[in-house]
Structures are given as C-alpha cells and as structure tokens.
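Both complexes below contain chain A, partnered by chain B and then by chain C.
Entry: the complex of A and B
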C-alpha cells in the first residue's frame, strides 16, 4: 500500500534522510519512532507529497505521490505544525475541505461533532493545543481517507485524549480498512496500536518490525538449575542475550513459545519462567550491538 | 467561460473552484478596498471639483482630463496603481513563504500549476473588476456632469493602461515570489526588478561617462525608459506606443511562464529563505553587489567633484557592504567571514579591476574614434540631445483641448548640418576636442570654468545609415577660433534664430520696449512690420561670432505678436509672441528706425533719459575685501548711488558723447573690472560693467591716474 524505496533527502548541507525504505500493508498501522531531528517529519512530508525526494521513490498503491491528485485526494495528512486560515471557524475550514476533497463526508463530519464536542462556530486559532489536534483529526477523518499520515498526533496530549485519538484511528482502520502511518518520539505511545514499528535515527532507518511477530517470537526466560548449567544448553538455545544473576540465568530467546518450553524442559531446570518483554527490550535486543547505543532514543 | 473549456480538455484543471472561492473569502477584501480607494480618488474627486467651481473655465475643464492622464496631479491614484498589484501578489502567494501554510496547501489534492493559475486568476479579478467599475462610474459621473473635455475614449484609454500596468506589476510580484521565500524580499525585489531596467542602464551609462571622454550619456539616458514603473509616471508626457504595449504584454506572459516554471521546481522547504533556488543565489548576490558598487560610485563621483579616487573608494565600500549583506541574508547567519566567502569577493574584485583597467585604456578606441569625414552625410550639433530624443519620443499634446500647459512654440528645427563647409568645421572642432582631452581635464575645476563652459552634443549621420553619438563639455574660450566659422555660417544662424523663420504676414504687431523706461514703439502697418523684420533678418545674418557671444545688453526688447485668430480668441492673455533682443550691433535695424523717425523712442538717449553716470573700480577686482563688493550689500540701487557719489576716485560722467560710448559698450559680464551705473531721469538706475577690454579709453585713463596718485 505505502512504499518508500531508498529515499534520500538533503536540506542544503544537512542530510535529513539517507536511503530510507519502508512498506506498510493495507489496513495496518505503521509507527515511526525517532528522536527529534531523526527525520520523521521529513519522511512523512515526503509521503504526503509535499516534499520531493532527492533520490528514491515514494508510492501509494504503486503510484508516485508527488503532484498526484488522485492519490492525494485519498490521503489525509495531519502535520505536527497545524495550519488553518486566519480567522476561520471550524465550520469555515470544513466548508473549505469539503470543496477540495472529493470524498469529504458531511454526515461523518456532523457525527464526529458529538465525539469531539467542540463548537463549530469557534475560530480554530482560539482552540487550545489539544483541541486543535482534535480538530485536525476530525477534519482528517471526515475526508474519508484511505491513507492517513499523522505527525506526532498524540505527543503532548493528556492520557484521556490519547486514548480517544488512538481509538478513533483504530476504529477507521478496522471499519474501513484504512492504512495509517503515525510518528512519535516515544515507542511506548505506539506499541498498543501499531502493527509495524520503524525506528529512524539520524536520517537512517535502523530497524523495522512486525510487532505481532516480535512479541510472539522473542521471549525472556529465567532458569535456574539445581546443579551446573548444562553446557549444551547455551549451544542449543542460541540466546540473543544472556545474563547470570547468582544461580539464575536470564536468557532472551527467539522462537515459538511452546517449542522453547519443550526444549528447556528437556534440561530439567529447577525453575523455569517465561516473562513478557517490553517493546523497548525487544528492540534493544533485536538491534544487537547497536541496541544499547540508541537505548536513549526509545524512551 | 473560457477556462471551463480548458478544464474539459486537459487532465490538469486550469483552476480549482474551491481554492478560488476560498481566495475570495480570504482576500476578497483586497478587491473591495481597492475599489473603494479608486472610487475616492477618481469619481469622487470629479464630483468634488465640480462642486467647488461654479463657473468652470477652460483650465478647470482640463483639470478633469488630467485625472485620467496618470500625471503627478493624482498622487493617490498613482500610488494605488503601483502598490496594490504588488501587494495583491504578496498576499495571494503568502502561503508559499511560511512553512506550515505551504505544507497545508501542497498536501491538498491540487497540482501546483492549478494552485498557481487559480491564485493568479483571483488576483486578476481583484485588480481588474475594481478598475472596470471605476471606469464605468467615472464615465457616468462625467456624462452626468456634462464635462465635454473628457471623452469615453479618454476613460477607455485610462482603463486600458491601468489594466496593463496592474497586470504587469502583479505578475512581477507573483513571479518574484516563486524564487524567494520571504514576503518582504518578494516585495522589495519586485520593485527593484520593476526599476532595474532603467536603474541598471542609468548606472552603467553614468559610470561609462566617468571613464569615457565623449560618451553620449544624455542621449542614451533620455532616449528610453525601460522601467515600467517609471514609465507609468511619464505617460502623461509621452503616450504609450503600440510597441510598448506589445512588449509589456509579452513580458506579462514571460513572467507567467517563468513563475510557473519556478513554482513547479520549487522545493517547499525553502520557505523562509531569501532565495529559493541555489542556482539563483550567486546571480542575486553578485547582481546586488555590482549595482550597489555602481550606485555608491555614482554618488561619490557626483558629490566629490568628479574625483576618481573617491569613486574607487566608493566602489570598494559599496561592493563589499552589499556582498556581505547578501551573504548574511542568504545564509541567515552573521558568520559569513569564512575563507570560501572571502574568496568569492576576491574573484569579483579581480574581474572588476580588469574591467576598469580595460575601460581606462579605452581598448576599443572609443574616445579617439571619429568617422571619416567623407562618410558623413550630416551632423547634429547642439548643446543637448533634446531635439533628437524629442523626435524619437513624441511628446503628448492636446491640440483639441487648446491646452495651455504645453508650450505652443514655433517648431524648433533639428540642428542638423549638411553643408560641406559646416561639416568640415564641426569635424575639426570635434578633432580639437579629442586632442584637448587632457587640457580640458585640467581646467575642469578651475574657478572660472563654470561660467564659460558649454556642452557640445554631436550625432553623425553616416552615409551607410549608421549613427555616431558624442557628448562633451568644453571650455568655450579655448575653441573660439574653431567655433567662429560654425557660428557665422548661414546654416547655423537659420537654425538658431527664430527671426529668420518668421513670416511677416503672420505678425500683426511689433512692440519695441525699452527696459527701465516707459519708452515704447509700436509697429502696426503690414508695410512697417515687413520692413522691420527684413532689417532684423539682415542684421542677424551679418552678426559675427564675437557679437553673438558678447554680453552687451540690447537696446530694447522686440516683441512680435502672432496674427493667429484661433490662438488669440482662445488664449486671451496667453497670446503667442516671439521675443527678440535689439542687439547693439544691428546696424540695419538702427538705420531703418532712424529713417522712420522712431529711433529716439526705441532706445535710451543720453540727453533725453540719462542724468549722469558713475563708474567705479570693482572692489572685488582691486583686491579689496569681497564683503565690500557693493552689489551684494546694497538695499537699493538708489541708496548705493548716494553712497557712491561720496566716495573719492569715482568717475562721474555727464558728457553726452562719453555717455553714448559707455552705453554702447557696457556689458553684463559677471565680476567686471569696472562697475557702471546710469542714473535715469525717471529715477531708475541702469547698471552693468566693463571688463578691462571693453572699457572706453577715457575710463581707463581716469582710473590709471587714480592709481598713479
């Protein structure tokens, strides 16, 4: 559905993106994580057809996005830095979008008013920051987009509002098979809604993963043996990471849940625990040597 | 609608109605405000003028027409025409210059070309509709008030020119906006671009003039007005030509295409940068540096007595300042003193130094070049190129309105010489000027130069159709011998003396008025008029160079009134007249007056009009304190004479022959050796002076004795 292939973009002497690729399947949510200045906004603006890449391709439904009205008409871009016409009310802006977006759904716009509960006669500039974000999402959803690109939509919102925003996005993805790409500088904000996560660091895509696979695949195991640790165990299991605390051995292991238990049982441990991993831990371990360096990025 | 068809045909819509409607909502006030201001400055002005004048006379009626002529009389209107289009361009394309707005506009499913066309359409509507409405309302008001001097055609012409210039200014603003990322820069750069064609040419010409002896600066400078902005302000004097209209329309199209080209290639992240295309930055930088260099150079040249040393210092300062200011603007940082940037300025300086050296050496041989005399068909020679560029750019006149504001004089013939002798004389004058280049430079700022220099403007028409233009300032006394044969030739006299072109049959009155007296002679019979003009013509043809250039005041002023019914009835007091001074060298005229018994009434006669005369040696020239120079401190001449009579050493003259001698020879030269005062019987004082050469012997002898004592 969404495809970025080897995209690079320079601003004068600064390279904002270097050889970045990503792909998002239809009906899924892609989370783009990175610290400030990692290139998230640049990548999203490229996907929205605002910027032109220096090299590489940006496609939605196998069509190049730039200057492509048909694709852009099905795409809603909600920037971090909102713009609205000076002195326009919400209703004015809705009228404007209604003229521009062919799939604009007036009923939906009116229905969503109950959800957001903001007076449409208010001028957009008089809204609080949180309300402005809701307004932007409101407009975006009323466009009935097939693709929604959201730049840090939940950063800086209170927990209730976060929840509301996430739900609205998930609902459209579920109901209409919408595809979304969401950026944040915090991995935790995204872990509960995303199907994919990509980590951008200094203009480069460090890693991208399907979260379902990750969570099912990687496990943290605590084992203790009555006697010595069987020497063949470590060779057999191929842990991503291992650590010994007293007699307890902590392993991070890739593999199917049942298979790992079965294999561990064969060594007859005194204690065997399989613990849930946080997303951060998974990424840190997945990235191997680089993992600890960018630990700060993820929190 | 025309655009509707285009939408059907092409895949890309020409305009987007949603954006257009939004432009109306957001910026419709521009059009409304423009309309209001235009209505105030035109139809309302007409109404106010008509309510002020109960019995409108011709002049006032002409005032109505002036409103539609873009002259300085309607400053508000001119200001609107210049400011509003550029401002409209700034506002409509403001969204490109701020990042969030640019992002929003370009995330919409609308192509850049469509956005561009839509905003331009909106701008044209905002500008054109108010102008059209204003023209219609003005027409209704004019018709309602019954003002006949302003016709529908005048209003239509006004409308056409206004539309054209609005479009041009608007498109300049729009196109400029595409390659800058700041609204302020867009505005400033728009006006710079509108002024640049004239400004740059003027700067180049002025700087060429500094380096090149004989460069015909004023010819090139006045001949064309390339800047549309300045052109608008002189449309009242020079009508817009069809070629200009075509050129402006082509420029509009070119600006549209250029703007579209740049928009499509613009990187949106450049919003906020002074220049949005890296390739254009050096052009901008070196262009501004060059212009600033020339400008400051010209300024110093003008204010520092044409000193080249100061000019070079100004070049250095002007270019350095502009160069680093540009770097600061382009980099948006004060840290511009890097080696790379200094190197850029170094390279620029080197090229300029080489260019200046080239100009100094005059490597194309411009200064010494003179066409071969055999190739010359005719030569234009005058002290300006005025006649030449007036011919090239016809001035607007309004004969149908009996316009008293524009002079209605006898057409001055083009000062073009064709006779072989004159060509040779002028040619040798030119040769001498070229040879004297160094000598002229030396005398350039000597004290007496300003009094005695004149301009020589030459334009050779060659047999092969080419033209060569030269312009010099010369110190006249150095060329007296060379100028004499030119001035004394009949061809020169015919060109410079109106009297030789006057048809006596058209004159119905000649009035000879003696200054400082009430003496007056009127010639009314056709016979007398013809004879008088004959005599004057003969005298003019007999004049020598010395007589032409002498400073001796004439005996009287001769005024000839034209027998032109049309002119007389309409102008009343403004009736057309030719004036001529009765020079003391005019022997034939003198004879004719004597023969007709009019002589004594036509001039001052010692016995009749003069009580006595006083001559004093000029204080300034005797080395006394300048402050004592009388002419400067006296309250009235009468008081001066009372004062003067008490002074020792003055010469008081009462002898009639001596008075006559003084009368014939005194001059109005500045800083004379002797001051000369004639006390008239009517109490008036006639004064002048003698240089050492002019003074009659008895005056010289008197003061020589004084000195001896």
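Entry: the complex of A and C
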C-alpha cells in the first residue's frame, strides 16, 4: 500500500504540489497523468523518498519513505533522467546493484538479457536513449522490487519494446503482487495496463478513480432528430460539452449508461449512439473544465 | 485463447465479459470447464490482472461462472435468469435492425419469415445434450 497524504512541495517561489493525496493498493497499477509541468515527476520523487515534502506524509506499507533504507531496498525507481557511473558497462552496473539490493536476482538478470538483447559488455553511456531506458527497466526488474515507481518508462520505446515492457510489468504484478506507479503521456498504453488513474494539473490532483468507473461515468453521445432539436433537451441533459455538426449533435454527458439512454429515448431521436470515452478524451475534457483547453491556433 | 480489441472504446473488462459470455453461450467453453487463471490471462493478453479479476467477478455475479476458492473459475451449466437489462439492450438492437431492413426494402413478410426460421433452427442454447 502506497499512500500520500496532503503533500505539498515548493521549490523557491514555485509551488510544485499543493495538498496532493493518493493511495495505491498492493498489486495495483496506478497511472499518473497530467499536463506538462503538473508535478508528476515531483510527486514520484517524493514517493521514491528522494525529496522531502514541505508538509504532508508519504508512506509505503505504513512507513515513511524519506531516507528509509529498508523501504528503498524493495523499491525500484526509474527516473526520467537516468544516472549511471561514467564508463561502467551494463555488467559493472549489475554487479553494483547486486551488492546494494538485497533481493537482487542474478538468474532473473541473466534471463532478462534474452528479452532486452543488449550486450552486457557495452558501456551504458554508449547506449542509445531508448536502450538506456531498457537497461534501466532491466535492472529494476532484476531487483525484484515490491514497488516500482516509473517516470515515463514506455515513452520513447519502439512498439515491440513497449509491448514487452508492459508485459513484464504485468507479469510481476500478477505473479508477485508487485505494485506499480507509472507516469506517462501515452494514454493509450496506460489504458491497457492501469486499473487506477490520477490526473494531476498545476500541482493539484484533479481526479483519481478506478479506470473502469471513470469510463463508465462519462459518455459521448451522438444524436440526430428528424425535425428540430427539442429545445428542452439541452437543459435536461446538462452536457459537459456540446457540439453540433450539421444535423448531428454531439454531447459529452456524465451519468450511468442506462439512465442516459432512457432520458434520450424520451425525445425520440432518429439516431442515438452512445460511445464510451477513451482515456485521452476524458483527459482532454477534464482539462478543459479546468481552463486547459485545446484551442486550434490559426494563423 | 482469444484476442481483445485494444483499439475499441469499450472498457477492457466489458470486452472480456462479453467475449467469455459468447464462448459460453456458443458452447466453446463447456459446463464445468475451468477458465484460464487470472495470472495466465494477464500475461497472455498484457492486461492488468485486477481487470481480469473484475471481469470474472462480474461473470460470476451474472451467473455464467462459479468460483471454487483456491482452484479458480468454472463455467456454470445452467442459464442465468436475471437478464432484464441485457434483454432490453438486445430488444433495442432488434428494433434498430428491423427498421434498417425495412428502409432497405425488405418486406415485413420476409422479416417475419427470417425471424421464424431463426427461432426454429436455434434452440436458444438450452439443449446441450
């Protein structure tokens, strides 16, 4: 169980996080998404025990994480900016991690070499950016962590590698009940593997919810009428967003699926389609509600 | 065992429920047959194990599956009877299809014949012997 309770963090005048709470159950995969500069990396670094919060608490299994070696020994943190010793080869780094992490699994390390297929005699510095990310995940998985904190782990990997990495994380969650927190801008990928989603914007947590509940809660409706659009419809439905394309009305509506169908049917539409929203659409609409809209720029 | 459409808008757990239901209704998964374990299915489909767990719980709730603690999930032999919501959706789909058929010029008589034929051919998945 990972918990952050009312955490705030300030860097000089910039308030990176304001009163953010989150909790992640054991064996869950939590997807952290947000606008650029929302505070995702700060939150992950706090959870990894690298930063100290100005106020609030960060706990893993009811223990405070900051400077807590016992917790860090079973946490793998992969930051967006990787660090490795100059001139160390992959094998050198593996030997080093083997000394530090008590649960280091050499067998796993060797086995994963087949997956990543990178020569262990290569210096980490000489690897490409994508390969360095792979190397970091490789080391992280060989640590047999109980908790993995991953800052944009799949962004920048090729499609085959992305699939492999997602699969490896899923396997550890299914086999060992590992817990993972993943930040990404790749909402399509998060949608497949996460069961819980938190949306961060300007240092505040906008929503966090079970992904399926989030999707069951908001719907996209395409509706068309044989005649005029009934004037009472728009007041009755209270759409989050509406758009008219020719004779078709597109509405984003909050509420239960059956209830929406029932209400819409009472206006006798000629066409009625209800579509679940993708995570990307949910993200865009929630952001729009908070003044972070897509504006088409025309020159 | 099966593939999911990851590009589809439908939530993954809903897709899973529908797929497994379809396999049960069409007798591909036989009564008392064990469903794949959550662990196996998760790594096979690269999908969150909690999502699969949730789909299995939903199938159990709807009466398609029963679980044996420590053993896994198995296909239930009898057809569940609480289907009001699903039947409503299916009814709407039939109405939608019928109105499209009429629009495309199929005669009411042909539609009736079609429905009667499908009724006499399909025993509604109730006869499994």
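General observations
The criterion applied here is as follows: the second predicted complex is superposed on the first by the 215 of 299 C-alpha atoms of A that agree within 3 Å, B and C clash if a C-alpha of one lies under 4 Å from a C-alpha of the other, contacts with A are read in each partner's own complex, and residues count from 1 in each chain.
Throughout what follows, a residue touches a chain if its C-beta (ideal position, glycine included) is under 8 Å from a C-beta of that chain, and two chains touch if they have at least 3 such contacts.
Everything quoted here is computed from the prediction, not taken from an experiment.
After superposition onto chain A, partners chain B and chain C are found to sit side by side with no clash. By the touch criterion stated above, A:277 is placed in contact with chain C alone, chain B being left untouched. When both complexes are overlaid on chain A, the residue A:119 reaches neither chain B nor chain C. When the two structures are aligned on the shared chain, A:259 is found in touch with neither chain B nor chain C.
With both structures placed on the common chain, the touch criterion links A:70 to chain B but leaves chain C unconnected. In the superposed pair of complexes, A:51 makes contact with chain B only, with no contact to chain C. By the touch criterion defined above, A:193 lies against chain C but remains apart from chain B after alignment on the C-alpha atoms of chain A. When the shared chain is aligned, no partner comes close enough to touch A:236: not chain B, not chain C.
In the superposition on chain A, A:29 contacts chain C only, with no contact to chain B.
Smallest inter-chain Cα distance, chain B versus chain C, after superposition on the shared chain: 27 Å. Residues common to the contacts of chain A with chain B and with chain C across the two structures: none. Those residues of chain A that touch chain B in the shared complex are 11, 45, 48-52, 67, 69-73, 75, 77, 79, 81-86, 92, 96, 99-102.
Of all residues in chain C, those touching chain A in their complex are 6, 9-14, 38-39, 42-43, 46-51, 54, 85.
Every residue of chain A that touches chain C in the complex is listed here, in rising order: 27-29, 163, 166-167, 170-171, 173-175, 191-195, 211-212, 215-216, 258, 275-278. Contact residues on chain B toward chain A in their complex (touch as defined above): 16-19, 21-22, 25-26, 98-104, 106-112, 267-269.
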